[in-house]
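For reference, the structures are reproduced in the following blocks.
One chain, subunit A, appears in both complexes that follow, with subunit B as partner in the first and subunit C in the second.
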Partner chain A sequence: MEKLFQAIYGGILYGSIYGLMAIGLTLVWGALRMLNLAHGSLYVVGGYVAWTALNEWALPALPSFALGVIAAALVGLLIQVLLINRLLGRPSFFNAAMIATVGAAIVIESAMLLIYGPRVKQMAPVIPGHFKTLGVVIQYQGLVIIVAAAISLVLLSLFLRKSRYGLAIQAVSQQMDAARLMGIPTVLTFTIVMAISAGLAGLAGVLLSSVFYLAPTAGFNPMVKALVVTIFGGLGSVKGTIWAAYVIGLLEAFLQVYFGAGWALPGLFLFMMIMLIIRPTGLFGMGEVQRL
Partner chain B sequence: MIQDTTVTESRFNSISKRLDWAAGPWARTNWVALGIAIVVALALPLVLAGFATGRFILHLMILFFTWGIVTQSWNLILGVGGIFSFAQVALFAIGGLASGVVSQQLGVSPFLSIWLAPIAATIAALVIGLPSLRLRGPYVVLLTLAFAELLRNFATQGPAWIAGGGYGLRYVPKLGFEEMWGTGMGRVAYYYVGLLLFMIATYVIWRIFHSPVGMSFRALRDSETYAISRGVDPFRFKLLLFALSAFFTGLAGGYLVHYNGAQSPAILNFPLTINLLAMVVLGGWGTFWGPILGTALLTVLPEVFRAVDVYRNLAMGLTLALIAVFAPQGLFPLIADGVRKLLQLFRKQQEE
Partner chain C sequence: MLKVTDLQAGYGGSVVLHSLSLQVGEGESVVVLGPNGHGKTTLLRAISGLIRPTSGVVEFDGQVISNQRASDVVAAGLIHIPQGDLPFPELTVMENLLMGAYRPEAWRERKRKLEQVFELFPVLAERPNQLARSLSGGERRMLALGRGLMSKAKLLMIDEPSLGLAPFLIEDVYQTIRNIRKTGLSILLVDENADHIEGLADRVYLLESGTLVKEGSVEVMLQDEALLAAYLG
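And then the complex of A and B:
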C-alpha cells in the first residue's frame, strides 16, 4: 500500500514537471509547426537567472523566480524575432527553423558556461523540509512544484479559451490562412506563443533547479522527455499533452517503484512503442490533419 | 559515347524501356576532374603523414569519411524519403557493437567481422521499419527515438560484454595497421580503407539518386497518394529505403569501432544526433552533394574555431543559426545557384 502511494505521489510530481516543459513545445508546434530544440536552454536560462537573483542579489524567493521566468520569456522572444520570424513562409521552414533553434541553443548554453562556469549549482528549496504521511516522504518543494504546475496549466488553458490573444493562438493553430484572412496578426501571435512557451520552460527551470542540479546543459534531458510527452499526447493538442504528461509521469513512477529504477526508462519506451503501433497518431492525435 | 548508348539502350529495350540510359548523369561524367580528385585523394595522405599536424588532419578526414557515409545514408531517409527517422545513430552503434563484440569475444579477425556490421544494422532497420511504416511524420520521430533510447539503455546497463560496466566497448581489436607500418603510415592505411568505403557508399547512393528507385522514393515523399496510384508500392519501397540506408550506416559503425578500438555508449546521446542532423540540413537536405558539404563543414569548423578558444561553441552556434536564417534550404543549393549565375555572367561577357 505504501508503494502505491509512493508511486502516485512520484507520478504526479513527474507529470507536473513534464507538463510544464511539454506544454510550451506543443503550443509552438501547434501555432508554428516548428520543433523548438532551444526549449531546454530556455529552461537553463530561467534556472540561472533565478539563482543569480536569489544568491547574488539576495532578492526574496518570489521576485527572483519571477525574474527567471521573465528572462526566459525575453530570450524566447529574441529567438523568435531575430531568427524565426525571418524564416516564416520560406519553403524549407521546418528544417531551417529547427537548425536555427539548435544554433540558438548552442549559443545560449555556451554563454551560460562562460558566465557561470562549469561547476554545477543548486538552488535552495522555496520551503525546506518534508513530512511523512501514509508512509510516503513528501518534500514541501515537491508540493510547491505540483501546485505551481497545476496553477499555471489552469491559467494557460483559461488564457487559451477566454482571452482575445488565446483565441487568436487557437485560430492560427487550426487554420492559419483562414485566421490571417480574418485579420489576426499571425506574426504577433507567433511571437506571443513563443514568449509564453519560453516563460513556461523558464518556470520549469526555476522550480526544478532546487530538485536537480543546474548546469549549462541541464535542460537537455527534460527537453527530450517533454518531446516524448508532446508527441505521445498528439502534437499540437494541449489537452492531449497535459493528459500524456501525467500518464507518462505515473507510468514512470509505477515502473520505478515496482520494478526498480533501471526499468523505468526501457519500460516507458517499450510501452510507447506498443502504444504507437496500436494508436499511430498519439493519445489525442489530430489524425490526418495536414497543412497544405 | 554514341556506341555506349546504343549498347545499353538495346539492353534496356529487351526488358522494358523505363529509363533512358543516356539521360543519366553518368553520361556527362567529367572523367578528367574525377581522375584528378582521385589522384589527389590517394596522394594527399602520403604528404600529410610526415608531420604531426598532417596526421591530425588525416584523423579528421577519417572522421569525415565515417560521418559522411552516415549523413549521406541519413539524407536518403530524411531528404529523399521524407521519413523522420532518428534511429540513424542507433543503427551506427549497432554496426559498431556487432563487429566489435564478435571480434573481441570470439577472436574473429576484424576484417571478417566488419561485414557483420552492415548486416546487423540492416536487420535492426527492418525491425524498426516495419512498425514505423504505419506511422507518419512526428510519430515516426517518437518511435525511432524510443528505439534509440532503448538501445542506449542497453548499451550502458546491458551485459558486461556489451556495456563494459558503463564504459562501453573497450580494447576492441583494431585493423592492426599501426603494428605493421608505424603510427604515421598506419593512419594512412586507415585513411585508404575509409576512402574506399566512402567512395563505394557515395557511388551507390549517387546511383540510387538517379535511378527509378530514387524517383519512386521522391514520388512517395512528395505525394504518397499519387505515387501509389501510379503503381509505387509504398511498403516495399520504404522498407528498401530503410534497409539501404542502414546498410552503409552500419558499415561506417563497424569501421569506426575498429579504428578507435572502442565504442562509448555516449555516442547514443542526443547531441551527436543533432550534430549529424545539422550536417544534413546545413549542406542542403534532399540534394546529393548537401550532406557531403555539410559533413566537411561541420568537421572542419570546430577545429577552425579552436582559434577563438573559450568562445568556440558560441561562434559555432552563431554560425549555425546564421546559415539557417540566410540559407534556409542549405548551403549547397545556394552555392550551386551562385556558380550558375557566375557562369552565365562569364558567357555573356564572352559573347559581347
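And then the complex of A and C:
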C-alpha cells in the first residue's frame, strides 16, 4: 500500500514537471510545426537566473523566480526574432529551424558554462522540510511544484480558450491560411507562442533547480522526457499533452517503485513505441500537416 | 472601390494570372466566371495577400494593397471567404466567429456583430458550442460566411460558394449571399457556372487561362447562351 501511494505521489510530481516542459514544446509545434531543441537550454536559463537572483542578489524567492521565468521568456523571444522568423517560408523550414534551435541551445549552454562555471549549483527549496503521510515522505517543495504547475496549466488553458490572443494562437495552429484571412498577424503570434513556451520551460527550471542539480546541460533530460510526453499526447494538442504528462509521470513512478529505477526510461520508451505503432498521431494528435 | 491593374501572379515559377484587370465599384456586386483551373482562386488569393503578385497593382479604397500583408488587407476591410471554408476545426462555432472579429476595430463590436450574424444564420445560433469539425457541409459554409461578416468588411470576396454542397443546399447559400448584398456590402464572387448569379450580380467577367476575356452587365451576359456555353461548357 505504501508503495502505491509513493508511486501516485511521485507520478503526480513528475507529471507536473513534464506538463510544464511539454506544453511549451507542443504549443510551438502547433503554431510553427517546428521542433524547438533549445527548449532544454531555456529551462537552464530560468534556473540560473533565479539562482543568481536568490543567492547573489539576495532577492526574496518570488521575485527571483519571476526573474528566472522572464529571462527564459526573453531568450525564447530572441531565438524567435533573430533566428526562426528569418527562416519562415523557406523551403525545408522544419529542418532549418530545428538545426537553428540546436545552434541556439549550444550558444546558450556555452554562455552558462562561461558565466557560472562547470560546478553544479543547487537552489534552496522555497519551503524546506517534509512531512510523512500514508507512509510516504512528502517534501514541501514537491507540493509547491505540483501546485505551481497546476495553476500555470489552468491559467494557460484559460488564456488559450478565452482571450483574443489565445484563440488566435489556436487559430494559427489549426488553419493557417484562414487565420491570415481573419487578419491575424502570424509572425507576431509565433513570437508570442515562443515567449510563452520559453517562459514555461524557465518556470520548470526554476522549480526543479531545488530538486535536481543545476548545470549547463541540465535541461537535456527534462526536454527528452517532454518530447516523449508531446509525442504520446499528440504533437500540437494542448489537452493531449496535459493528459500525457500525468500518464507518463505516473507510469514512470510506478516503474520506479515496482521494478526499480533502472526500468523507468527503457519502460517509457517501450511504451512510447507501442503507442506509436497503435496510434501514430498520439492521444489527440493533429497529425502531419505541411503548411509553412 | 477595388481596382486591379495588370495583375500577374502564380506559384513558384509558374504564372497563373497574367495582365488581369478588373474593378468593383462601391456597393457593386461583381461575379467572375471561369472554368476550373483557370485562376479564379489564385485571383482572390493574390488580392487578399495570401500570395504576393509578381507584378501589377491592386488598389482598395484608394490605397495600394498589392504589397501589403494579409492582415493589413483585412484591416482595410477587404475580406476573403476562402474555397473549402477552412474552418478552425477544434474551435467551437462561437470561437470561429470571434476569430472573424480578430482585428481590434471589429473586436470592440463583436457582441453586436454576433447578433447580426446569428440573425442571418439561425443554424449557427442553434449550436454556438459545437466544434467546427463536427458541422455538416452546409453548416460549415454558413460558418465561413458568418465568420467573414464578423469583420468590418467593406468588400466581401467569395470563392465558389456552391462547391461540394448538396444540390438542395446550394440555392440557400446563394439566397443568403443575396441577403448579404442587400446590406450594401460590395461583393466579388468567383464561380464555375452562371446558374445562380441572377439577382446577385451587377456585372460579370469571364476568365480564361488566367486573364479576363469578356465583361458585361449580368443581363447581357446571361442572354448570350452561346458565349457562356463556349467558355464554361
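Please note the rule applied: the second predicted complex is superposed on the first by the 286 of 292 C-alpha atoms of A that agree within 3 Å, B and C clash if a C-alpha of one lies under 4 Å from a C-alpha of the other, contacts with A are read in each partner's own complex, and residues count from 1 in each chain.
Simple rule for what comes next: a contact is a pair of C-beta atoms (placed from the backbone, for glycine too) under 8 Å apart; a residue touches a chain by one contact, two chains touch by 3 or more.
Everything numeric here is computed off the predicted structure, so don't read it as measured data.
Asker: Thinking of the overlay built on chain A, is A:Ala204 touched by subunit B (first), by subunit C (second), by both, or by neither?
Answerer: So A:Ala204 meets neither subunit B nor subunit C here.
Asker: Using the touch definition from the top, say if A:Leu113 reaches subunit B (first), subunit C (second), both or neither.
Answerer: So A:Leu113 only meets subunit B here.
Asker: Give one of first, second, both or neither to describe whether A:Ile184 is in contact with subunit B, with subunit C, with both, or with none.
Answerer: second
Asker: Report for A:Leu32: first if it touches subunit B alone, second if subunit C alone, otherwise both or neither.
Answerer: So A:Leu32 meets neither subunit B nor subunit C here.
Asker: Using the touch definition from the top, say if A:Leu156 reaches subunit B (first), subunit C (second), both or neither.
Answerer: It touches nothing on subunit B or subunit C.
Asker: Could you look at A:Ile192 and tell me whether it touches subunit B, subunit C, both or neither (first, second, both, neither)?
Answerer: Once the two structures are laid over each other on A, A:Ile192 reaches no partner at all.
Asker: According to the stated criteria, A:Leu167 is in contact with first (subunit B), second (subunit C), both, or neither; which is it?
Answerer: second
Asker: When the two structures are overlaid on chain A, which partner does A:Leu265 contact: first (subunit B), second (subunit C), both, or neither?
Answerer: first
Asker: Who wins on subunit A residues touched, subunit B or subunit C?
Answerer: In the superposed model, B touches more residues of subunit A.
Asker: Same subunit A residues contacting subunit B and subunit C, which ones?
Answerer: none
Asker: So in the complex, which bits of subunit A are touching subunit C?
Answerer: 161, 164, 167-168, 170-171, 174-175, 177-186
Asker: Residues of subunit C touching subunit A in their complex?
Answerer: Going through subunit C, the ones touching subunit A are 48-50, 69-71, 73-75, 79-82, 86-91, 95, 98-100, 102-103, 107, 147, 151.
Asker: Going by the contact rule at the top, pick out the subunit B residues touching subunit A in the complex.
Answerer: 131, 134-136, 138-139, 141-143, 145-147, 149-150, 153-154, 157, 270-271, 274, 277-278, 281-282, 285, 310-314, 316-325, 328-330
Asker: For a test of understanding, state which residues of subunit A touch subunit B in their complex under the given definition.
Answerer: It comes out as residues 37, 83, 86-87, 90-93, 95-100, 102-111, 113-114, 220, 224, 227-228, 231-232, 235, 262, 265-266, 269-270, 272-273, 276-277, 280-282, 285, 288.
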